[in-house]
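There are structures below to look over.
One chain, chain A, links the two complexes that follow: it is found with chain B in the first and with chain C in the second.
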Partner chain A sequence: MFKAFVVLLICSLLAGCGMKDIDKRFYVVTTGVDWTGNPEKPFRVSLRLAITSNKVESGSSRTQIQTVEAPSIAEAVRHLKAFVDKELDFGHCRVFILGKDLVANGNPDAMSWFARRRDIQKVAFVGVGEPDALSVLKVTPESERFPGNALFLTFGNEGTESSYTVTTYLFDLTRRHFEEGMDPVLPVIRSLDKTYQIDRVLLMDKARMRLILNPDETQLYNMTANEAGKSEVKMPYRDGRIVLTVNQIRTHTDIAIGEVPLVTLKVYMSGILEESPPEALENDWNGIERQLGKRFSSEVEDLLYKIRDAGVDPYGFGLHYLATTFGNKQDFAHWKSVYPEVRFKVVTHVKITGPGVVR
Partner chain B sequence: MIEEVKAKLGNPADLTTEIMDNGYTTMELCFFPSMCDSHQVKDGILIPFSYRFDPDEFRRMLRSDLDFTYAPNQDEWIDLLLQGCVLLQYEGKVYCFDAIRKLQTQPEDTEVEASLQGPQSAMTEDLDMNTYLIRLRYNSPTLVIRKLQKGEISRTRINIIYDRDKVNRQSLEELEKRLDKVKTKLLQASGQLAMLLGNNRYTIFPVTLQTERPDRVAQFLNRGKIGLLVDGSRFAIMLPVRFFDFMHAMDDDYEPFWMGRVIILFRYIGMMLSMTLPSLYIAVSMYNPEFFRVQLAFSIDGSRAAVPYPAFIEVFIMLFMIEALIEASIRLPRFVGSTAATVGGLILGQAAQQAGLVSSIMIIVTSVVAISNFVIPNSSFSYSIRALKYVFVVTSIFYGMVGIIVMSFITVVYLCNLRSFGQPYLALFLPNDKQPSRRTE
Partner chain C sequence: MNIMLFVPHILVKDRFDGAVMSLLAAIAIGSLIAIVNAWCFQQFPQMGLPEILDQHLPKVLSLPLIAFTALTWMSGGIFVVYSFTRTMGIFFNPEMNEYLFLFIMVMACLFAGSRSSRSVQFALEVLLLLCAPLGLFILFKTTTDRLVSWDAMRVIAGYVRHPPSFRSVAAATFLFSGYLNMQIFNRLNPPGFRLKHRWLIPLLGASFAFFTFFIPIGFHGTIGVDQYMYLWSVTADSMVLKYGFVQRVVYLFLLVFSILSLMFVMNTYHCAMEMFKACWIQYQAKAEESPVPKSNWIICAIFGALSFAYASWSNDQKNQWATEWWLIGRFCVEIFATCITLIIVYLARKKTKVRAPRGGTANYGK
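Entry: the complex of A and B
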C-alpha cells in the first residue's frame, strides 16, 4: 500500500506544464496577415482577441485588435505576446484572413506556419480580406453575440447557408497548395460598414492570385464545384423572369482522353420555381426545363473557359485526368501543355418538381 | 431447574421464575417476559395447566405439540431462554416452549428500492418473515435454506438460501470458506456481513448486492445466485454479482421492453456523467479549452472571470458542498432534513455564484453530478461511483484529458480483474440456461 502511494506521488510529478486556466487565456478568434511591402518586415499580423463576459446578448461581443509588423508570422505572434496580459490561445481561432496584397505578392511558403502550429485547428476557415485583412478584422457586426461568431456562422453553414459563399478549410488549402492538378480557392471577405460581404471567390495558382470571380460566377462555381444547394438558376422568359430554386444538384465529370482532352460536366438539378409568369409552367413544363438547362450550360461553359484562360484549375480537372491515366510525370506534363486548349462541354438536366404552390 | 438457571444467569431482574401449583401437581416455569409473547404463554401453557387441566392430555401435549421441545441438556437452557423460549419442568423433565415475540407480522413497504409498478412489499427485520416472503415468491421444491449463527455476542441467525439445481457450486464453496473465517462479536446488519465476506477491505466496487426486495431475491435465486438473510436486517445479501446487476432496477423487467432499455441506457449515461463530469470540467477548462465549441468556451471563460481560484479548487469546493448536503439529508431527522436541503440548495444555486466563488457552469456540473448519481439503483454501488469520481478529479488535475482517458481505461481493467465469489465481475452475458444442470445433491 505504501509502495503504491509512493509510486502515485512520483507520478504526480510527471504532470506537464500545459495547465493554464481557461480564464487566463486570451482567445484569438480571427488572425489577419497583410503584406506591408517593406522587405525588412513584410508581414503585418493582426489578431482579433475575444474579451469574454458573463452576459451573452446580441451586440455584446467585444474584441481587442493587436497588430505588429515582423519579418515572419511566427516572430510576429511571439512579439504580440508581449502586448497582452494573458496567454494567447489559437485553439479557437477558426478564421484566418490573408490580405489581398499578400495573396498577390506574398511568399506562400511563409504560410506554412498555420499548418505547423499544433494548436491551430485544421478545420479553420481561410479567406482573403479586401482591401486588407486588418480592415476586415475591424468590422464588428451588430448581431454578434460571441466575439468572432459572425464569421464562424457564415462559413460553418451553421447560420446562413449562402450559395455565394465558398468555404475553404485550412487543411483543404494546404492540400490544394501541394496537390498537382488542383489549385487553391479562397473566398473574398469585404468589409462593409457593420457587416461582411462574402460573395466572391478568388482563384489562385500554386503561388499567386490569378482571378476574382464576380458574384454570379461565384454562385455558378459553387454550384458546379461544391454542389451547393439552396442556389438559384434564372432566365428571362417572355416578358417576365423565371427563377428556379435549386434544392438538389449533382455533378459528374468525365474527361475524354485524347490529343486535346474533352471535359464533359454533367449537371443534374431539381428544384421548384419560385418566380415565373402566370400559367407558364402548365403550358410548357418540359420546355422550361430544357431552356433553363441550356442557359445554365452555356453560362457554366463560359465560366470554365474564363477559368481555363486564367491558367488555374480550381475544379481539379487535372487531378481527375491523372486519376484516369497512369498519373505519372509525363501525363501531368502533357495535361499542363494541353490545358490552355482543353474543351468543355456542359450538359444540364433540370427537373422542376413543382410550381411551389398547392392549388 | 430454576436454581440452575438463576445461578447461570446471575439472577437477572427481568427473569420470571415461578413454581406453579394447580392443586394436583406442580410445574416449574421460567422465561423472560420481555422476549416472549405473553398471549402464547397463556394459551399454550397456562390455560392447559390451570383451567382445563388433565394430566394425560397435558403430558400428551408436551410430547406431541410442535411448539414444545424436550430439552434434557442443561447447557442449552440458557441459550434457549435468551432466544425467547419458555422453559418448563414438568414431572422432572424439562421442556422448552417456543413463544418468541415477533415485532413484524407483515411485510414492510419498499423504502430504498422503490418501484412504480412492481411489488411494493419489502423484507422486514425479522428473519422468519423474510424466509416466508422468499418461499412465497420462489415456491420451488429445490429451494434450499441452511441455517447458521454468527457473532459471539449477538448470535445473529443467518439463512443461506439457494436453488439446489441452479446454484453455482464454485461460488457456494467459496462462500462457505469465507463464512468459516468470519469472526465477529456483534453482527447487526447485512452490510456488515457483506463487508466481512468481501474480497478484501480495499475493493472499490461492491462484490455483493444488498436488496430489500423479495422479488429481486427470487429473480437472483432463479439465476443461480446465493442469498444470505441476516436476522435483524431488512436487506438480503446476494452473490455472486456482476457489474450490470447493480445498474438494474426491478422496474426494468416490469415495464415495456423498449422503455426499459431506454431507461437503462440513461442510467449508464448518468453513471458515466456522475463519475467523469467534474474531472472533464477540470481537464477541459485547464488543459484543453479547444475541446469545447467556441461559443461554450467563451461563456465558460466569461463566467469564470470572477472566480479567483483555479478550476480544481472550485470543483473541490462545490463537490464538498454537495457531498455534505447529501450526507446531511440522509442523517438528519426527516423534519429537519428539508431545511438543510433548502438552505444548501440556495447556497449552491445562487449565492456561491454571485459571490464569485464558483462559476455558473460549475453549478450545473455539480447538480448534474448529484442528480445522475441518484439514478444508480443500488446505494452501495452509487457510493462507489461517488468515491471513484474523486480519483478521476485528482488524475485530471495532473494529467488533464489524457489522464481521464487513461483512468477510464484503468477502471475497466480493474473491473475485468475483479471477481465476485469466483465469478467474473464484468461478465457481459449470463451463462446459458440450456447448460446441463449440475445436480449433485
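Entry: the complex of A and C
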C-alpha cells in the first residue's frame, strides 16, 4: 500500500515538471537562416510556426513567420521566444533553409547549433534558399494540408519523386563537412508565387559555395551520385527526339591508381522509351541503346570535369580512393594534389526493356 | 549494453591509432577469458564466486577479493545509471529535473536488484527476449540504409596495421564480460551443467564489436564521427522510418536502450549486493528467498544513495573520464580474477582428483 502511494507521488511530480501540453507549444515547421552582412548581427533567423487547427483539408494550413537578427543562431532563437505566446518546439522542424548569401559568405562553424540541439532531427532536410531563406519561408502553397508539409513531401521521395531534387539530410551535411574526400551538396529551393522550384543543386567545398548546377546537370548528378530512378535520358534522333525513362540505375566507381588516377564510372540503367519516332526502336534496338549510352557518358564526363575544375568532390571520389587503397593521410594529400588533373571515364550500359504500349 | 559505457566512443577516439587492431585483439582475449572462466565455474556447480573463494582460500585473502569484486560491480552500475539518466534527460525531456529522473531509475533498479537471484535471472531472460526483435530491427535498418558510407568504414579498416592501444583493448573486451554473471548466477546451475554453444561467444562478440564500432563511422564519416557525445543515439537518429507511426528510429532505439540499461543496472546492483552480503560471517547463499530480507533493501539503498552522490559530482566530461578508467580497471581485474580462478581450479582438482560429472540437459542461464 505504501509502495503504491510512493509510486503515485512520483507520477504526480512528473506531471508538474517539465511537461507542457500541446496547446502551450508552438511547433516550428521550417527554420530559415540568412546572412545579413552586418558584422554585429550576421544572422537573421526566421521560423515558420504552425498554427494548429482541427481542419485537415488542402489549403487550410496556416502558419506564422517570426524573424529576428542576432549574433548567433542560439541567441536568435532565445530572443524569438519573447515574440510568441507559446513555447517553441523544434521536434517537428524537418526543413532547414540556409540563405544563399549565408552559404556564400557564412562561417560554417556557426552552424554547429543544428548538430548540437538534441531535439533537432538528424534526418531533417537541409536546403539553400534563393534569393534568401525568408522568401522561401513566406511561400504558402495552396496544396498544403498540414503546415509546412509541402516541403516535407518534396524531399526524400516521400511525395513527389523527382530526379531533379537532391535530398540532403542534416547528418549527411555534417558528415560531408568534416569528411576528407567528400564535399557537401545542397539542393537549391527557389520561391515561386505559390510553390517551390527545387531543380538545382549547389556544390560546396568545406567552407562555402563553389558551383550551382543547372537543372539538366542536376539531374545527371542525381542519377549518377544518388542512383535516382524515375529519371530520363534523351537525345535527338533523326527528325524527332528519343526520351528514355530510366526505371533502374546502378553505378559503380573504379579508381585506377597511377601517377594521375583514372576514375571509371560505370553506369547500368534500364527503362522504357516514352517518346520516340514511330517504329524507330524496332529497326535499330541495339543502335539506339548504344547511342543513348554514348551520349549519356559524354554528358556525365563533361559534368565531372566541370565539378573537378570547381575544386569540389561531391561524389566522394577522394574517399573512395582512400578506401580502395586503404590509404592514410599522405595518400589523401597526394590525392588532393592530383585531383585537379584526375581523368574521368564514364561507361554507360543502357538496356531498353520496351517501347511502352505502342510500337 | 556496451553502448552506454562509451565503449564505441573510446574506440572511435582511437580510430586512426589502432582501434581496429584493438578490436581484433579484444575479440581474441575476450573470448579466451570468457571461455576459460565458463569452464572454471563449471567445476563448481551450485557455487558462486564468494563460496568458491571461501572454500579454497584463507579468509584473509578471500574477503578483500570479494569486496573488491563487489566494488567493481557496484561502480559499473552507478556509471550506467548516470549515463542513462543523462541520455534520457537530453533526448526525452530536457526540462525535467535530472535528479528526479535519477530517482525514478534508482527506485526501479532498487526494486529489481534486491530480488532473489532466481527472480533476477528470469527477469534478465524476459527482458532480453523483449529487446531482441527491436534490436535486430535496428541492426537491419542500419546495414541496409542507403546513406551508410561503406567507403568510410573501409578507410578506417585500412588502419588495421597500427598497433593496438591498451585503452581500446580494455574497452572492447567489455563486450565479452557477460560471463561475469556466472560469479553469482553459477549458484543456480545444477551439477552437471554445461554451457552449450560456447562457440557462439567469439562469433556474437565479434559481430557486435564490429557493428558498434563501424556503423557510426558509416553514418558520420571518418572525421565527423568523434564530435558526438552520445554517438549511438545520434546514429539511430540518422535513420528514417518512412512507413510507420514513428518516423525517427531514435525513439525505438531509446526504448531498447532503456530496457537494456535497466537490465544491466539491476544485474550489477544484484551481484554487488550478493557479494557484499557474502562478506558477512553468518551468511548463507540462497538462490530463492521470499520475502526479500531487509539486508537486500539496505544494501541496494546504499547503492542508490551512492548513485546520487556520483551524479552530484559528475558531469559529462568527468563521467567519461571515470568510465574510461573503470573499463581499464575492470579489464585488469578480469585478468587477475581469471588467474585466481584457474589456480583454485588447479588446487581443487589436486585435492579431489574427481571430475565433476559431465552431461545433463540444463542449458538455461547462458
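A few notes on this one:
Convention: the second predicted complex is superposed on the first by the 340 of 359 C-alpha atoms of A that agree within 3 Å, B and C clash if a C-alpha of one lies under 4 Å from a C-alpha of the other, contacts with A are read in each partner's own complex, and residues count from 1 in each chain.
Simple rule for what comes next: contacts are C-beta pairs under 8 Å (C-beta built on N, C-alpha and C of every residue); 3 or more make two chains touch, one makes a residue touch a chain.
Model, not experiment: these values are computed from the prediction.
Under the clash rule set out above, the superposition-derived model of chain A with chain B and chain C shows the two partners fitting side by side.
For the three-chain arrangement built by superposition, the Cα-centre angle with chain A at its corner and chain B and chain C at its ends equals 50°, in steps of 10.
Of the two partner chains placed around the shared chain by superposition, neither chain B nor chain C is touched by A:R250.
Once the two complexes are overlaid on the shared chain, A:N149 sits against chain B while remaining clear of chain C.
Contacts of A:Q121 after superposition on the shared chain: both chain B and chain C are touched.
Contact with chain B, but none with chain C, is seen for A:N54 once the two complexes are overlaid on the shared chain. By the document's definition of touching, of the two partners only chain B reaches A:R25; chain C does not.
Within the superposed three-chain model, A:R62 lies out of touch with both chain B and chain C [touch as defined at top].
When both complexes are overlaid on chain A, the residue A:H177 reaches chain C alone and has no touch with chain B. Shared-chain residue A:K138: touches no atom of chain B or chain C. When both complexes are overlaid on chain A, the residue A:L322 reaches chain C alone and has no touch with chain B.
Once both structures are fitted on chain A, no C-alpha atom of chain B lies closer than 5 Å to one of chain C. Across the superposed pair, chain B and chain C both touch chain A at residues 14, 18-20, 119, 121.
The touching residues of chain B, counted against chain A in their complex, run 202, 284-290, 294-295, 297-307, 310-311, 360, 397-400.
Contacts from chain C toward chain A in the complex involve residues 90-91, 93-97, 100, 103-104, 107, 147, 149-152, 154-155, 157-159, 219-224, 227, 234, 237-240, 242, 247-248. The touching residues of chain A, counted against chain C in their complex, run 6, 10, 13-14, 17-20, 115, 118-119, 121-123, 156, 158, 169, 171-172, 174-180, 182, 316, 319-320, 322-328. Of all residues in chain A, only 1, 11-12, 14-16, 18-23, 25, 27, 29, 50, 52-56, 89, 91-92, 94, 119, 121, 145-149, 152 touch chain B in the complex they form.
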